[in-house]
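Got some structures for you, see below.
Below are two complexes that have chain A in common, paired first with chain B and then with chain C.
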Partner chain A sequence: MMIGEKDKDRPWLLGRPEPRVDGLGKVTGEARFTDDLDEVGQVWGVVLRAAHPHARIVSLDVEEARLAPGVVAVLTARDIPGNPFVGGVVQDQPVLAGTAGAGGGAGHDLDRVRMLGDGVALVAAETEAQARDALGLIRVGYEPLPVVTDPREALRPESPLVHDRGNLVVHHGVRHGDPAVGFEYAHRVYERAYATPRIEHAYLEPECVIARPVEGGGVEVVGSIQNLFSTRRAVASVLGVPLNRVRIRHAVLGGSFGGKDDVMTVMACRAALLARATGRPVKMVNTREESMLESYKRHPYFLDYRAGVDRDGNLCAMRMDIVADAGAYASMSPFVTYRSVVQAAGPYRCPHVWTDVRAAYTNNPYTGAMRGFGSPQVNFAIECLVDEIAEDQGLDPLTYRRRIVFRDGDVTPTGQRLAGHRVSLDEVLARIGDASGFVDKWWRYRAAREAPAAFRRGIGVACSYRGVSLGAEGVDAAATFVQVQPDGSVIVSSGVTDMGQGAQTAVAQCAAEVLGVPLDRVVFLNTDTSRIPDSGPTVASRGTIMGGSAAADAAAQVRARMLEVAADLLGQPVKNLVIREGLVGTGGAEGSFVPSRLTFADLAGECFRRGVALAALGWFRAPPTSWHEETGQGIAYFTYVYGANVAEVVVDSGTGRVRVEEFWSVHDCGRVVNRLGAEGQVHGGVAMGLGYGLLEEFEVEQGVPKASNFDEYLIPTAMDVPRMHVEFVENPDPAGRLGQKSLGEPTNEIAAPAVVNAIANATGRRIREIPATLEQVLIGRRLTRSGLRGSEVARGGEASCKVRGEEG
Partner chain B sequence: MTAPRFARPRTLDEALALLAADPEGWTPVHGGTDLLVRMRMGMAAPRGLLDLTGIPGFGDIRVEDGQVVIGAGATHAALAADERVRTHAPALARAAGLIGSPAIRNRGTLGGNLANASPAADTVPPLFVVGAEVALRGPDGVRWVPIEDFASGPGRTVRGATDLVVAVRFPAQGREVRSAFERLGTRKALAISKVSVAVAARVEADGTLREVRVALGAVAPTVIRARETEGVLEGAVWGGEVARAACDAVRREARPITDLRAGEAYRREMCGVLLERAVATIVDGSRS
Partner chain C sequence: MKQLPEDLVSIRLTVNGVVRSLDVHPGETLLEVLRGRLRLTGTKRGCEVGECGACTVVLDGRAVNSCLVLAVQADGAEVLTVEGLAREGALHPLQRAFLEHGAVQCGFCTPGMLMSAHALLAQDPSPTPDAVRRAIAGNLCRCTGYQAIVDAVLAAAGEANSS
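Presenting the complex of A and B:
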């Protein structure tokens, strides 16, 4: 049975601020993270990592380590029974690099390390200390190779090759209209170069797994794993066993933000190898330093934007050339850059748009999925550019945006007509403008720029549209299993994982909504790859729409069977019956509800006695998408969400310090499933976005990271987070079974440009390279970086530095 | 890697006796907020930890004989809240209140901050400008060392292997001589200073500055006095030319380096900005 319009229009439980179901356990310490678990007879696994960012391995001697106290096994690439390479899109990442002859795939030789985080050997020992001591006994002979660290240099023909098949990971193009024609109409042309930093996910919990050998050559792995099915695929391939011999589960996850994907896959493969080799459970836990060194980051981008504006102030042509640093391995780069190429021009009408996005291999830490997934970079560029154009047009940036944003029926640069849902960006901008008093403040702060002041105020806006879920990147379907117990309690398990983002609450709430039971009657089980169908990765803000829609589907199946029985018990036709708050009753079209004496629990008991199937597997397949590789035209995503951010800042003219005082977020994420969860997403997303805009950069020099822990890699603290105002514009979307869409990433993708635009409003100076550190704000560049990004020659901090004090 | 042995003496004498018997074998630890971090990073490997938290009264704050005397075990939280410190050395109270985070301020101590001898230690510039002395106690008794002589380089002090830092003192000068502290970090909390400036001065009725002392943190291998700057300010009235000359002087006197936290030129520039703000705080305060 499909959910009727009735369900969508009058939710009784959706939208309520239900406390998260895992909240109490987390604050009391009852929640068990992977590192809280131990197996009887377990050994510790550790990794010997590369000593050079790029080198050929000429010799590898592990004999002495094998004999060290407590050591149970030492493994190298030679000991991998199956495919030694992993990779979600391109299988180019060795589980362990080895010496020549250890195997290898087409164009990806195994006898090379390509970044400092690469693993060369594994040691399992009785204790962690013994395992780490033994690492020092492994002798590796390296022949250093030239290092390439700037992705733009990596694409030049003379560049050293990181992979033999070439340094180009992927090239996406969008060809919409003809900019050559469009620029002819341009009254003004803007050419701007932007750059965004490599950043660290900074999840609280470092990577951790426990692998246990099981009969039949397989393994069971439990870990802090975001995408269990991707990990399962890799572990099975590395061990050379079928998927059903590998069972992956996750414990409570301490954050992920897109970060516990490939790095966990590699760790799980290594632990699985050790478990098979030793016949014992193996635990691996990264220290924070190992985590920062090995884990992938958000891609640094170099963005060249060219935009033409006609006499009426409309965008008439755009040409964008973007290069992303993929680091040593492809990871999610092909998909991350896909989102970038689709959304690069922002949510603005423009008839002629050509965009090129390339990702290049370098010897930097590899880059992959991170909350936003290719959008924060392009949003930063386009939102700064549009802001600048607005000011040039003599308009405030909010009013200007409202003139040019997409509305119902507009066509995106990929040729997709936005239809079937409300294109609400204008509404969103209007709401945020009113809530923040934007227009008035913007003009006032701008006028105040004329006079000298020690502290200056500024207000800035940014907005975005974002394709929901995976889009034409890949297969998009998910499963949720709903079981009603004979006492009316409910167990929900889903292929969507909870890593702290609240998926379990949201998915459980969708099931509870449809079943008609209070949320506290529902228990959500952690994902287990052997007990639920492959539901794809929990990425792309797809948990609530995919897992939640599948939950609604499963719950509707069970409910339909239960209502048959209720009809019999109450002598009412099924169509009159409604279940709500755990009570069965009758309801009318206007949402009225008259409970009967029959409770949901009693009904469940009766169904059980009658042998009715009280469990169902729900399945949700996303509506179709399409993509033409050559032209970049097609239905890139099946629907979109819309959002806007406004930041109000105070800039210290003397020091360049920026204080974000107030922050507004307005999002149309379709129907809000859980208001508390939704607000939490916004708070967290904005805090991360502010770090991106103002503080964070994972600096790497010649392949060597400069920071290894949170004393040097600074993310915002609670003290840096402003007062937040969160509002939702709710336009239920037919794409989601209950009208819901996505929120996790939209909250994170436009905070940086909102702040940087606010700084421009305060100071009159446009920053085109983030983070906007104190030095960047005060003098327009950073002195701490001895080189510019990548491998460009150092300019040095001791060069002339013209800064002004109070009068600046 | 073996775990260090551990002792938690109940009296200062007991602590000193242990240290005297085996100076290489014991490393004092109080809050542990510096030492434990260094141990984890492999920069310190003590054979024994001499925990000073069990010594009664080790963190007491007293005023006696016209001196404010602060026990080495006083936490930053205690310094920031203490009325006597706030009265006689407002710069010190302010600096202590800005250190780290609440958790760090509740554990970290004045003695630890001094003994650790970081050029960015926030309590040190204020202690410079109030003319503090540090009490070192060893087997032969107590000696008082002027704060300016205490640190000899990054992480190095004149403390002998059998000495403990037991107290710090400075004149209880009341509100007559005022002091102010400014610092600049990358974020609002939990950030090591890129630059810090402390200033003390007496402001006469006509605005003339007397007994000016200026100290700079994080711009040299140790905290330094900015004597040329003091010379510009001494006997002058704050404002216009004087302010410009003082800022020029302080920028000249700073000897910063470029590191992950800030560039050399930026640090130098900020000495001027923070100096202006610190002096302005003192001058404005004298009017109210």
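Presenting the complex of A and C:
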């Protein structure tokens, strides 16, 4: 079904700051999150977790626990009827670890724990207290194994193995040109090492599911689940039943940010097992402590960058070597590092780029998807490096970036020509430069460095390009179902999930735009895997472009049928008819609209009486992408978005305390669907990015996390976040049905380098390891933990010089 | 307060204007009583150690973390939760402002934010932006970056003052 050009060019509803379709219940307290639900006859499920970060299980005795008061079932790995392993890409994560002989496939051992968050047994009991008491009665014999915690060490041949198949999870390479040639004509060469921390998603709602047994050996699960279809695949595989026997829905989700994927899949599998074993509904809720222990994190990266610059200041060669800590299980590591390898060199023209990204297993908490998905780490490195090169070239960092950024038709390091959409980074940088007064401030603050001062001011910039949606990582299609009721109200459901980011509102607004009804006529149903086709995961900022495009498709089908009837009623040809604001009328090419007396509601009623199908399933398949594994060349993503951040900071010269005073964020996300939602995405993404740059690190020592709750793991409060100025550069993209693209993740990937570059502008000190703690800012290194890690510490060496190159 | 068998304690408190009599365990928190016994699930559980503010309610006019208050301590008190904000179907100005300003995303922090803001405006009807930030500094939000929340509270204050 074609969508008329007028939808794309003259939206009447898109872009408006409409309130959320799911907002009301959230301010009245009526919104039901999973933990607000209970089932009649439900029992509580709890998990016994590992006592060692790496150990073989030699014995497991649950008999006493079985007899404890209130206990209904105790399960171990032996009780899993189907596949005991889960994993979105590599099936390497046991739903429960067990003793030898409990099962497991080739190359996997089920009989060991690999991180402290691993589960060993499940208990279901009448009350939560009884269930937790019974955990203490389970006896587990462990034979501790050597622990590996540094991913670079894990890749050495002598390292202990976390999985039998080796510690290398994945290796992606990009081979573009030949850096050996490029470095020949380099006038200056910069070599820098960067490191980024492991961080916690810190969604405010802890994980929760309720599973109910249904006939045919299946289950129905409701939970705080981000990616319902991947969870369904895993639950069906663990139970050994077909997909149609497993129905997964989400309740209102209290945030996810990429975080309620694998951890929820495992929890749903465990609840499903207990539900099948007990024949009763089972509720499982993590405490915050359990959540922090068990949930996966953002990958810590170690990044070695080498860049050559020719006499004119252009990048002529880049060589990057990057290692990511995958923790105990692969989770999304293969895909996360894919995005890293594609985007590692940043949005800059360079003829010779070689990049290697490897992810390694360790006995740390596993790492997976988190807002940004492999980009915040590489964006930090490249944006700090380019900033330093600019200053060294005698240019301010904004002007330098504008010289070297991609423009229409440029070729990326994967050999992809950027075409078919506006490559707007220069426009974005120009806009943010004007809004923030960047260039003038940057020179002034730099000059002020010469004089002693108690407080120093600095301004910093960072920018990025980002591939939209999944790219060559996976199948990329989504469904939205639109139904118009006989009274003209509308029900929309979609395969994309709302975790709080506003997908329901954005998708509903796309449907309402095309149908011509106000947004308050639309109700959005929570996603249900049995009622909508598998639409892939709601990740990679793909909700608005994929779900929204499918919604536009569905709405266009219904509208076309309705307009036939309207043409008959009004005696006008279909091509003259327009529906807008819930009224049917005639419109001209210039976007004029003359309403008739026919309302959308009356038209819907008439269609219903004539037996017209007032419902349609919309489908959107992303344009093609391609990838050559060996060379890392191809159309990595079907289109890109562009963004820039500027931070202005004040640094206390005495304490190293950094205060972010003001912040600017400019994005080209294609057509803005909902201004209120879009601004909210930017605000939240920036706040999270500031936490990444200045505050947050989920520290782990020998496999043992040092934080277990928000008293130890600090995220930004209202006092830490500055006033933010948000602007959009709107270049509608033909890739999105209504010109829309993506926004959720680009907002989060460049705040940290903007702040760190601002600190450099204020102090002259380049910080290459975040978070930029007080001591980093004051003396350029960590006091709480050595800048060297793992084996280098063990060797007692000042072995590696973190800063090499000419001016060190 | 009379002692009951099995260590239960009788308490009486007013919740959203309704008097409630309950027999509670001495260790039970106000949060558990609100969510578990009274089924007022609008008040959220985010950390249970007084760090996230998701469980904030107004107790005798002050915003408190209900996970840190024992139910027995609330004996005789007046408690306002998010469910008590709207009156006769009409949203409270704070609730309206939160919706209009996009101060709600996932909504998990929202009830606590609303209650902290409610307590603030009762004490300081025309707060400065800084005062709003201070008042909600104990309420974590991972979604909004706080800006829309601050704007919403200021707008609600402005509306109340102009009417």
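A few remarks follow.
We take it that the second predicted complex is superposed on the first by the 786 of 808 C-alpha atoms of A that agree within 3 Å, B and C clash if a C-alpha of one lies under 4 Å from a C-alpha of the other, contacts with A are read in each partner's own complex, and residues count from 1 in each chain.
Quick note on the criterion: a residue touches a chain if its C-beta (ideal position, glycine included) is under 8 Å from a C-beta of that chain, and two chains touch if they have at least 3 such contacts.
Being a predicted model, the structure only gives us computed values, none of them experimental.
Using the contact criterion defined above for the overlaid structures, shared-chain residue A:L24 touches chain C, although it does not reach chain B. Of the two partner chains, chain C is the only one touched by A:P206; chain B is not.
Put chain B and chain C next to each other and count what each touches on chain A; the higher total goes to C. Look at A:A451: by the touch rule set out above, it reaches neither chain B nor chain C. Judged by the touch definition given at the top, the superposed model places A:T717 against both chain B and chain C.
After overlaying the two complexes on the shared chain, residue contacts for A:V475 are found with neither chain B nor chain C. Residues 711, 717-719 of chain A are contacted both by chain B in one complex and by chain C in the other. Chain B makes touch with chain A in their complex at residues 1, 37, 101, 184, 186-192, 194, 247, 258-266, 269-270, 272-274, 276-277.
Partner chain A is touched in their complex by these residues of chain C: 35, 40-49, 51-52, 54, 81-83, 85-86, 91, 95, 98-102, 104-111, 114, 132-134, 136-150. Touching chain B in their complex are the following residues of chain A: 129, 654-655, 657, 659, 695, 699, 706-707, 711-712, 714, 716-720, 773-775, 778-779, 782-784, 786, 796-801, 803, 805-806.
Contact residues of chain A toward chain C in the complex are 17, 19-20, 22-33, 35-36, 201-206, 252-255, 257, 287-288, 499-502, 676-677, 679-680, 682-688, 709-711, 715, 717-719, 721, 723-724.
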